[in-house]
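Below you'll find the structure I mean.
Chain lettering (A, B, C and D) follows the sequence in which the chains are written, and residue indices restart at 1 in each chain.
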Amino acid sequence: MNAPHDYHRLADPAALRTRFIAVRARTMALIAPLSAEDCGAQSMPDASPAKWHAAHTTWFFETFILEPFEAGFRAHHPAFRMLFNSYYNGVGDKHERAQRGLLTRPAHADVLAYRADVDARVLALMASDRDTASECTGLIALGLQHEQQHQELIVTDMKHLLWMNPLKPVYGPMPGIDSVPPVQDVSQWLSFEAGIVMIGHDADSFSFDNEAPRHRQFVEGFSLASRLVTNGEYRAFIEDGGYADPSFWLSEGWDWVNAHGLSQPLYWHHDSECGWQEFTLCGMQQIEPDAALTHVAYFEAEAYARWAGARLPTEAEWESAVAGSEGRQGAVLSQLDDTCWQWTSSSYAPYPGYVPQPGALGEYNGKFMVNQYVLRGGSRATPAGHSRVTYRNFFPATARWQFSGIRLARSSSAA
Amino acid sequence: MNAPHDYHRLADPAALRTRFIAVRARTMALIAPLSAEDCGAQSMPDASPAKWHAAHTTWFFETFILEPFEAGFRAHHPAFRMLFNSYYNGVGDKHERAQRGLLTRPAHADVLAYRADVDARVLALMASDRDTASECTGLIALGLQHEQQHQELIVTDMKHLLWMNPLKPVYGPMPGIDSVPPVQDVSQWLSFEAGIVMIGHDADSFSFDNEAPRHRQFVEGFSLASRLVTNGEYRAFIEDGGYADPSFWLSEGWDWVNAHGLSQPLYWHHDSECGWQEFTLCGMQQIEPDAALTHVAYFEAEAYARWAGARLPTEAEWESAVAGSEGRQGAVLSQLDDTCWQWTSSSYAPYPGYVPQPGALGEYNGKFMVNQYVLRGGSRATPAGHSRVTYRNFFPATARWQFSGIRLARSSSAA
Amino acid sequence: MNAPHDYHRLADPAALRTRFIAVRARTMALIAPLSAEDCGAQSMPDASPAKWHAAHTTWFFETFILEPFEAGFRAHHPAFRMLFNSYYNGVGDKHERAQRGLLTRPAHADVLAYRADVDARVLALMASDRDTASECTGLIALGLQHEQQHQELIVTDMKHLLWMNPLKPVYGPMPGIDSVPPVQDVSQWLSFEAGIVMIGHDADSFSFDNEAPRHRQFVEGFSLASRLVTNGEYRAFIEDGGYADPSFWLSEGWDWVNAHGLSQPLYWHHDSECGWQEFTLCGMQQIEPDAALTHVAYFEAEAYARWAGARLPTEAEWESAVAGSEGRQGAVLSQLDDTCWQWTSSSYAPYPGYVPQPGALGEYNGKFMVNQYVLRGGSRATPAGHSRVTYRNFFPATARWQFSGIRLARSSSAA
Amino acid sequence: MNAPHDYHRLADPAALRTRFIAVRARTMALIAPLSAEDCGAQSMPDASPAKWHAAHTTWFFETFILEPFEAGFRAHHPAFRMLFNSYYNGVGDKHERAQRGLLTRPAHADVLAYRADVDARVLALMASDRDTASECTGLIALGLQHEQQHQELIVTDMKHLLWMNPLKPVYGPMPGIDSVPPVQDVSQWLSFEAGIVMIGHDADSFSFDNEAPRHRQFVEGFSLASRLVTNGEYRAFIEDGGYADPSFWLSEGWDWVNAHGLSQPLYWHHDSECGWQEFTLCGMQQIEPDAALTHVAYFEAEAYARWAGARLPTEAEWESAVAGSEGRQGAVLSQLDDTCWQWTSSSYAPYPGYVPQPGALGEYNGKFMVNQYVLRGGSRATPAGHSRVTYRNFFPATARWQFSGIRLARSSSAA
């Protein structure tokens, strides 16, 4: 116990091959509606060009699978080792993050060729002698999880880029990803008893190191909302002067609201002619009051909760409630992982006994455990099968370009 | 239970009167060695002029005790209501924090007169009819705790101001406050069992609202260092390249180190002629290797701990260990509250069931619960009797001008 | 006299048609070696994407020729009116300059179609009834001059973009534009007598409004260097500690050097392996000591001149010397308009009697006449026939990405 | 001719002694109404504390007179050599400008003692052997001119500090300095013929190096307004939407107006209760419509002039008109040097043949000759006898805290 997290776990080779092909193909499908120009631009330092995502995910396989395991390894292009390193100091130099949008060379086509080359070589490696193949299955599985994370970022980063364009253009036909299905349900409070709960990941199946180890936490009695906060509910907060009254806000959040002159969620727009609209991957749309609110920062989520007489859940509450509500009678928790990530009040921190893997892969999660807040669940942009109940997403308290929404909680004694 | 925190608690009126006189006098003693010029300057937006501290603590009594309880209340000076409001939006406008050093009027002498006037009126109120007096004793006690917090800030803020002066001048004769007594002891690991612990404040005695309610937490087995990290130990980290190796640092901490070109704690200075020196309230002094390190940021504390193969304690570990080690045999925890505040790995967050007081006093603590880290214990600059085992101090991860040091922890299973 | 500058001058319609086709084609030739990705990126707020230049020059014709003169005018695309307005407040809204690199839509191909449409319509207008055609010939000539200015910016802006790429890629085969032919000549001082000179433009031929009116200035006796400062000469300045000695620099220049850690011209690079190299449109090249120095800021030019015991010429000196040296015996002025723009010591200001055209075209030059310095001559990237002896180029004192070099001057009495 | 400017000129020793005592005493009189706290604060990086001015002017005498000429010179305090050096790189290190307000030590009283010591030693030197005394009279005269410049800055910097204080306090009884006498006169246009004029200083009397050499300039015919623009005239510009219409503004000025949300001169304030008021050294006062406008930036002066159908004069126009209008019949130029400095359209640049003195004194003026604009005349805060017709004051185009106003000009041909 408390050994470093080990990504070198066995996986079924045949299934892995199928999965590798499918995941890699999905990235291609995501960028298919986009031009090379679209894929090259970077709208802000926090976002990356789609081309960069496509290359970086390939770099990950080249660096962590091909380089150590391929006989006679040679880099696809020596400069790509630096250009497409995101943040792994243990691997060497990296290109300045805010300048990713200036990499017009290598060309989009060169990145696609990079993908094809690395794909072929990884597949060859998987087909090679049993020992090598089995040694790297865990890492290949990690690479696919990593690529799925970047698939969600392709969507969020491109959405932000298109929003910055005064034409408010359409990403392309993306059924399901950015539709906003209304919910009819009245939100209900599901209550949970105080007690010691187990959270975190401990099974043989894949998880990121930040989900482990599975461990005990004591949780006081609490209630959790059965569904997410809707656009209509949030609009009531706005119309009640939510963005103008400091008593709803954390002090730093209030400064942030005023420094940026904020008065609504990221993609919302209001004018007297069209009323309330929001930008989606299908362009500007009327806001659907009964659909789940998304694209709010932690500060906004926290302020809304205070206005609503509630609070955000901790991640232990969220995880134990979701795990514990299975098979329960009566009201159920909905919109768990298919709508929006849900801000928790938990600062992103290591679990007791957390030990990152040695080497560069240890940089995957651990070094970001400060000044960020955990989001749980999953969003409409999360690849199917990628998230799980123990999954810990995390962003700074000001991040709004992710598909992030609100599920309310209450302390039982407050009822 | 889970009622809002109530500062209106009974206290012994006679003792309170004595205490009021003593605490208010100590502020005067702290600024006595300083000139009006010294007291007026502000070295950075995070720090305030000593004059402002002297006035703001007085404003607190005027606003929260005299205004609601004094018959026929009239403000000492109408403009002071705004000039010396720190951050209470519920009370009205406030002066721009970064411009506190420009308030050369009112003069230093005017602020002393403000103190004298409010002192006399509060003492008169305490001597007035029983009902009124008893109604405000809790608030007066809060005002005194508040003033003690600012007494520590007077010391840290003036230290920073004097450090910014190329002359590195001496604050004045301050025996005890900034001396650095060496410790002879080898640090030992005290181990604690896993289990549910109670932390937080629940007694009849005074506490800030952020210490309540007392509640249960589950803590895994851990060990805590018997004493603080010393200057000599930290120097070994520096000499081992601690500030040049990203693998020791949180990603945001590494960016911070490089953006500011940091290579040592705040007040340290090294040159070939004098070797390692540090700035103290008595001027530049040789660094004492066996004395406790102080003036490090959370980022530095966290990096040092990783370098040392350990980690920072959580606040639940810290509090339960300190509470639980009383009367224990063998090694004991030393340097708890008389040397340096000790960074914990806990993000500053509300305890389960936390409900701030309604009104402006609810702004005292709650609205700062984001992007800050908890420090426990107390420092050489903390007024005697001010801190306690449940006390939660908090600062951003980059703050270094407080008397902040490091106590290491380890997970038991990691041993 | 002193009427507003009038761009509506007669030009030979047939010649103008030929010229229109040629100038418009040259823009296409300049971007031909570039991909759509290359053309879309913006390396800094001062630079623009090549796609934007291609569109904005087209917008100019659409706005100032088609809109007022074409019967039944309809905008090619309503949004382009705002997207590709650079700075003409009189024309309406404009897109944020620093975000030009985010306009992935309209696509590169859409911009080419915009060009083709406007080309056809302008040509049709020129072929239409005599009155209309003659009314707009002056404006079409202005539009072509404007496009030539942007042709030079396409080269400088793309050079900067490619430089920001760690691969230091090649623009493409561009014979002549960025070659650096060495000069063999020793620089000589050509002296000129004190007296009243006439400078500025007053002929029937085209000029920008900032070149007029032609007027008298008194110039004291001076000497001008026959050729530009070479790379080798500037390297001697560097090696003499030029970037480390404040006595050579203007105070603001010295702050600029230190704030950005500068120690060489923009595209120079030095390492122990390759020695001194510079980035060109053909990639990294060894520096040719006898070739003219380029890509220095006004601050660098001014500091170099002081180090060299000389100074920069005023624009009156430059213009009168060039005009007056024609047909002169002996040493001649070389490298006037085919190598680098030459910084003068003259702040960009209106000539006596300057009156800009009314309306939006009056914004072309006049509103930039502050905190910029005049450059004279022309560069290897200036389209043939675009510049003339009265031409006034201008940039802030820190601009280095233009092809800007140094011609020295001396006051006669200082000899 | 064209020798370096030489400040070592003869002056009458007896008169100089009297003058030394008087000028040094005036600085003391200026700070007499202020507390040590007032004198220590710095309201912005462009301004300095009055204490710093009092010390720096003393440092100037210590550095440029005592150090080279006093037998057995010893510094008053070694650290003062660095603390009170403003910008002379040739003299050694200097304290960070923006941190002058943090120098609470040395105390105000220590600076007064520094003044007294240096005063006594300079007077002793003046009384010493004839050769030494005569050698340094020119430098002492320079030191007194320098001190007078800082006397004006004490007034402007303290005015800005007091303005930053929400109490808008009164400097003290300062008859004459900040009163705003109304003018009754209608402004008239005085016209001047085109021709060669002589400007600059060439006499035996004192001047700064930037006023020399006296030289020829050709000036086209122009007219100059007989008096300054009044508050009432400027208010008409405001009420006509002057701050909301980009067509009046230089492009950089328009950006500046919008970035800072400007809508009026620096010290003006408008509310529905009090109407238009302005802050003066005597506190807030009603604006006097017939008094001269002051505290406008170059950008505002330039925009106002365009709105008024006029322009700012060049410095050659200003100087030649003032010199040439003496003894003239009819309308005269008023408010030349006793009201406000007058922005000219001339960028601050060296005169033809300008050669600064070698050594540190050469840094006095020359190194600031970029991105600043010349002001001519003098203000109500300029010490009597300090300015002259050749005097060149200079500030960046955004500076507003000086007593700077507007005198209009017109090109003759525009009439």
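Methods note: a contact is a pair of C-beta atoms (placed from the backbone, for glycine too) under 8 Å apart; a residue touches a chain by one contact, two chains touch by 3 or more.
None of the values given here were measured: they were computed from a predicted structure.
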Farthest chain from subunit B, going by mean C-alpha coordinates, please. C
Inter-chain centre distance, subunit A versus subunit B - centres from mean C-alpha coordinates, in Å: 37
Let me have the rounded angstrom distance from the C-alpha centre of subunit A over to the C-alpha centre of subunit C, please. 47
Calculate how many whole Å lie between the centre of subunit B and the centre of subunit C, each centre taken as the average of the chain's C-alpha atoms. 59
Would you pick out the residues of subunit A that each touch at least 2 other chains? none
All chain pairs that touch each other: A-B, A-C, B-D, C-D
Of all residues in subunit B, which touch subunit D in the complex? 35-38, 40-41, 43, 79, 82-83, 95, 99, 101-108, 161-162, 164-167, 169
Going by the contact rule at the top, pick out the subunit A residues touching subunit B in the complex. 1-2, 87, 89-90, 194, 196, 215-220, 246-247, 249-254, 298-299, 302, 345-347, 349-350, 352-353, 355, 363, 367-371, 397, 411, 413-414
